[in-house]
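What follows is chain A paired twice: with chain B in the first complex and chain C in the second.
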Partner chain A sequence: MPRRINITRRRLLAGAAATGLAAPSIVRAQGTGARAPLKVGVLLPRSGFEASIGQDCQRGVDIAPAILRSLGLPELTVMNADTESNVDVARQRAEKLINDGAQLLIGAFDSGQTTAIAQVAEQKGIPLVINIAAAPDITEQGYKFVFRNFPTAPMILGDAFENQMELFRIIGSAPKSVVFMHVNDTFGTAMAKGINAVMPKFNVPYKIVDEIAYDPTARDLSVEVAKAKGSNADALLLVSRLNDAMLITRELVKQRWTPQAILSMGPGWYEDQYLKTLGKLSDGPISFVPFEDPNKKLAKSLQAALAKAYPGLNLSTNHVYTFEALLIAADAYKRAGTSDPKGLADAIRTTNITDNVSIGPGIQFNAKGQNDKLKNGAIQNRGGKLATLAPKAAANAKPEWPMGSYANRT
Partner chain B sequence: MAAKTSASFVDPFIRIAVSLFEDVSRQTIALLGILLASLLIVPWLVNDYLLTVLIVVLYFAFTGQAWNIMMGFAGQLSLGHAIYVGLGAYIAAVLFARFGIAPWIGFLAVIPVAAACGATIGFLAFRFRVAGVYFAILTIAFAEFARIGFDHLDYVNASAGLFLPVAQYARNDLWHLRGNPTMFYYVILAAAAFAFVVCRALLKSRIGYFWLAIREDEQAARAAGIDTFRYKMAAVMISAVITSFAGVFYAFFYNNLFPEQVFNISRSIEIILGPIIGGIGTLFGPILGAFVLTGLAELLNAAMAAIGFDLPGAKQVFYGICLLLVVVALPEGVWPWLARRIGVSESRQ
Partner chain C sequence: MPIDVYLNVAVAGILTGLVYGLMALGLSVIFGVVRVVNFAHGEMMSIAMYLTVLLFSGLHLDPLVMLVPIAAVLFVFGYALQAGLINPFISRPEHSQFLLLVALALIIVNALLILFGPDARTVQTSYAFDSFQWGALIVDATKLYAGAAAIIAAALLFAFFRFAPVGKAIRACADNYTGALVVGLDVKRLYALTFGIGAACVGAAGVMMTLIVDVTPMIGPAYTLLAFVIVITGGLGSMAGALLGGLLIGVTEALAGLLFTPSAKSMFAFAILVLVLLFRPQGILGKRSI
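Moving on to the complex of A and B:
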């Protein structure tokens, strides 16, 4: 026998009030898709030899939720996993995340680890959005579920020379000679080879008068810097890491040599630790790296969020591209309207985010899953901050050229 | 006539198989049978994540077994076994990626290269009496030399890494080692079982006894008429060849090779940790050590996730403490202690 429901005036009023209170949240929920948060597995090398970079990338993850919410994008449930800077562990963690219900993966800074993860993602049909990894082959495998919003190594090199040429046009002069100093590890040697191969294509106005390779773990680079100084070159072209960048700077000060410019094509010279450790001595070097476009609205939001969460930290490449990977995930989830991996992958393939953070026209993927429209920037250290000099569309400052003498900075 | 011929062909194998177990207790054989049967049915019982963990366990059991031949049996400490993994990986991968040659055929090309590499290291060391810690340094030097060399070898893409083509495989292709984790699991299980049997056979053979004599007192062994140079060379070369298969497996399982990772000294250390924890010089030690190490790492991950503790590096600290405790409490390794507890005969030979 059906139960009879007595509708009294009090019940009716209470029901109306409840409906009135709930209505905005229902409408809001419908606006964002009204669905469960997307489970995103984030794989980063937060321990092991790449720990400092992995932890820096993690900051990009930590500040993302509030910004994504403010953009009206659906909620994400972030599932963190530490790859321990190890390929085997990266693969195991990817399997574990998928097993635990991750519907999309993000990671993993290192090309080897990323490739191991990419295979798992491809075999399981779970989309992987690569935050940072530059090996070109990753997106040359014919993968259908792998997407990369980071420039490949050749793109980075090409853009570095394009930005140099733009800088020389802006300042109306250029160095006639440079000394090329680079670390002799895997990264440095690969970059040196690439630079020597790519440079002729850009008709650069300077000549490399000497090439000095050195050990990145060296405790003293006085001989190398003395040799560079002795070449009487106008500028220094460098591929360094953090510690040797600081050592070289100290030697330049000690040996009283301020070149016209320090042009860095790698990490080290713009990193927070470099800026904080060297203070005024850190001013001047120009780095050519994948970076944020400070003029973009979202870049400003990201800067503000970082400043709030981690006061004193400058926005870095690691934050920018890891954040954008989450942005891509949330955007795809919103448009796909489903957490079905295939639907998500299809949505990512048709991504067209113009309101983004990094330099370039925005985030779109080609048929191979590579964002080939990304552009790098030329950034200069200024008073502990980073000013973007090129490309023109992203610039927020004019270059200081030649760089100020080290002698006048005490 | 034909039946007689086939019987005479099979007889030696049967004799070898029987001799492998002739002085083994029934309890040990039963234990082995249970272990093998459990490992065979595992893919039906666990998910892909656990299967991947088991693949890593068996990989380290296999490489640990190979390393054990040199250190555990012949007493020669190698800290550069990554060189054989790297050579196996690169040669098989290049032959497959550039010429479409199946990894099993590729391994035939790997064998002489790995053996020659082992022989070179062995010759330099044993001919010029480089022993003990200096021998260990020599093995590290060769691994580093290979890493730097491959970092500059354009033919294998140098430091940019060598990639094998990957796709979603609708079916497993054992011949080309293209397939899902289950296929790789059975491949590495078969390899680990093979390495176990080979090590057992070697240990029970004339050469095995010579190795043990050399390990215990090389001068006494020489005085007893053992050609120590020859048998140490054999240990290095056999160990190198077996280890190189791990490289072939690694290349086709992970599908990407970077000299910085494959030849890195950390890889060599990973290889030796299993036998050290499990028990150097024992047959079960490397297997148990691999299970303990990988199992411990995964347990720590699970425990930290369960209590919501997400501090990078904390796992490694706990891991280090656990290993320290094992080494201090059980200096011979876990297996000799466990074998005594469960009444199984095998201990350090």
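Moving on to the complex of A and C:
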């Protein structure tokens, strides 16, 4: 039965008064141009074998709001999704986020998962800002809604070899042979192909005596390390993830082999969990990776925010590029003035952020949606901290070479 | 490649295979008697691994010291599980049992994820990085301890089923269910004991495994699959077959990684499984069903 509402004179006056009080605040909001927060779906491998790195990326999301606010950028509503380190799940979660109202996607650390998400984003016409994923194909498909502020595998490799040559010049020495170990997932395979393509262009002083591909979910890498040791190479060249980086280090110690150097061209070796879990045994490896420029103003803000939220953690590639993906989203939303996907994509395409965190001149995208101006850094693990060795403009330490023997550290 | 590399890899494969064998032994014991396939086997092992990590990080208790207590905890868990949850399903269709244990596996994985988060956890004992060297042979100390513990645990289990009255009664249940009922054996209690013993085996294997690998909540399903490969290869229901299967898979994975490519390690383990299923479906030491 419908309820009858009695409108008395007293109620009418009270309602009018309430409306009168509320009206100025609505006007105020309109006057300052405030608008609903942009709904950003953040896809990361929060569980599964890449969970540690996914959780680390999440820290970059957690510390972003206060910094974005201080930069005068609009609010974002973050919608979290877990890819479970699985390509199919990544695709499903991207579709669900869009169905749930996400107006822009960010993700997803892993190239395979990101490729799947990019297909969904393009199909649905929702912009995707890739935080971390290096497989070059992703931005070679002619996509209109996919943008990547992370170097491709060939860019990482080109810079890595440039940085290596710079280091060899500084120390006046170089390995004559390396054994190349890499994960056999999308990223590892792309990097391995890239190394073979890019290496001849640089006058690298060493040769690869053996190439060992392995499963990133492997529980035991004793065979792989035994094989690498058996090659009698001077140094180890690696493209790995976190868990396998720790497994390899343990096996190096147990099998009593300290190579002259561990040169990593991927994640794992500089990550906080690696440093904390292995303690003194984590010292020495040099990673050639996209990294922060510690001399940039925004890098200092990000470091301070991370130190406040997560005391004792080092700023990592995961934090830097995940934060920058959110920075790109907020900046585009501000300039676009709309959450319309096409308007947002157009705004992202014309991004020009020079006050950023990563090494390089800033954030701009080429016609393919790729930031092709990013630069790598060479960083070395030292006593639980990360020292930047190259490029010269961002360096804050000299290389320690060769690596100290593991035998003296246990 | 120097010959000592092959030797080192083969020895490492044998030691890892022994621990695999101990883990699979539990699965084989449970199936051989209760005729229930434990799809939560690897997940139960991950519970033991987390207990080891917790006791080590909280009380600095060495995993080798915790081997028996944690196996006992898993025994109680397994006993309660069989008595309270699985026994009512014994006479139900196999798909009901299957779904029950898959559900249990999912619950364990997600409970561990909620409780401990996704990060890998490890046990850093004073001997975690030790190795023994005899000439060119370098043996990982933790794998050696784990392998030795696996042999001792398996020997105790064999002795229990061979000589202990309860062990003989359990074997009677496995051989002839109706006969066991006729002679007055409390079959349901013996089933619960068997499940408890299987869980204790996997608990002991889990403690040993924490010396070799890091533990994450997602580690369970991979070990469930591995245990199945091992017991099917060795012979479902055969304890000796489980140990032999473990050794075979451990050594095959190690040598395949060295001789071919490490990426293909699992492929060779599964190739052995396919060959066994083709030419000896009952497994290497399994009995042919009539």
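Everything below uses one rule, namely that the second predicted complex is superposed on the first by the 269 of 410 C-alpha atoms of A that agree within 3 Å, B and C clash if a C-alpha of one lies under 4 Å from a C-alpha of the other, contacts with A are read in each partner's own complex, and residues count from 1 in each chain.
Following the convention adopted for this analysis, a contact is a pair of C-beta atoms (placed from the backbone, for glycine too) under 8 Å apart; a residue touches a chain by one contact, two chains touch by 3 or more.
The shown structure was predicted, so the numbers you read here are calculated from the model rather than taken from an experiment.
Look at A:230: by the touch rule set out above, it reaches chain C but stays clear of chain B. In the superposed model, A:214 lies in contact with chain C only, and not with chain B.
In the superposition on chain A, A:142 makes contact with chain B only, not with chain C. Using the contact criterion defined above for the overlaid structures, shared-chain residue A:187 touches chain B, although it does not reach chain C.
Applying the stated contact rule after C-alpha superposition, one finds that A:250 touches chain C and leaves chain B untouched. Of the two partner chains, chain C is the only one touched by A:222; chain B is not. Applying the stated contact rule after C-alpha superposition, one finds that A:55 touches each of chain B and chain C. Touch criterion met: A:277 reaches chain C, while chain B stays clear of it.
Of the two partner chains placed around the shared chain by superposition, chain B and chain C are both touched by A:46. On chain A, the surface touched by chain B in one complex and the surface touched by chain C in the other have residues 46-48, 51, 54-55 in common. Listed in rising order, the residues of chain A touching chain B in the complex are 46-48, 51, 54-55, 80, 82, 84, 87-88, 91-92, 95-96, 98-99, 111-112, 115-116, 118-119, 122-125, 135-138, 140-144, 153, 186-187, 189-190, 193.
Only residues 47-49, 52-53, 56, 151-152, 157-161, 163, 165-169, 180-181, 254-256, 258-261, 298, 301, 310, 312-313, 315-316 of chain B touch chain A when the two sit together in their complex.
Put simply, chain C touches chain A in their complex at residues 1-2, 5, 8-9, 12-13, 16, 113, 117-120, 122, 124, 128-131, 133, 138, 140-141, 212-214, 216-219, 222, 253-254, 257-258, 261-263, 265-266. Here chain A touches chain C in the complex through residues 46-49, 51-52, 54-55, 184, 212-215, 217-224, 226-227, 229-230, 242-243, 246-247, 250, 253-256, 273, 277, 281, 410, going by the rule given at the top.
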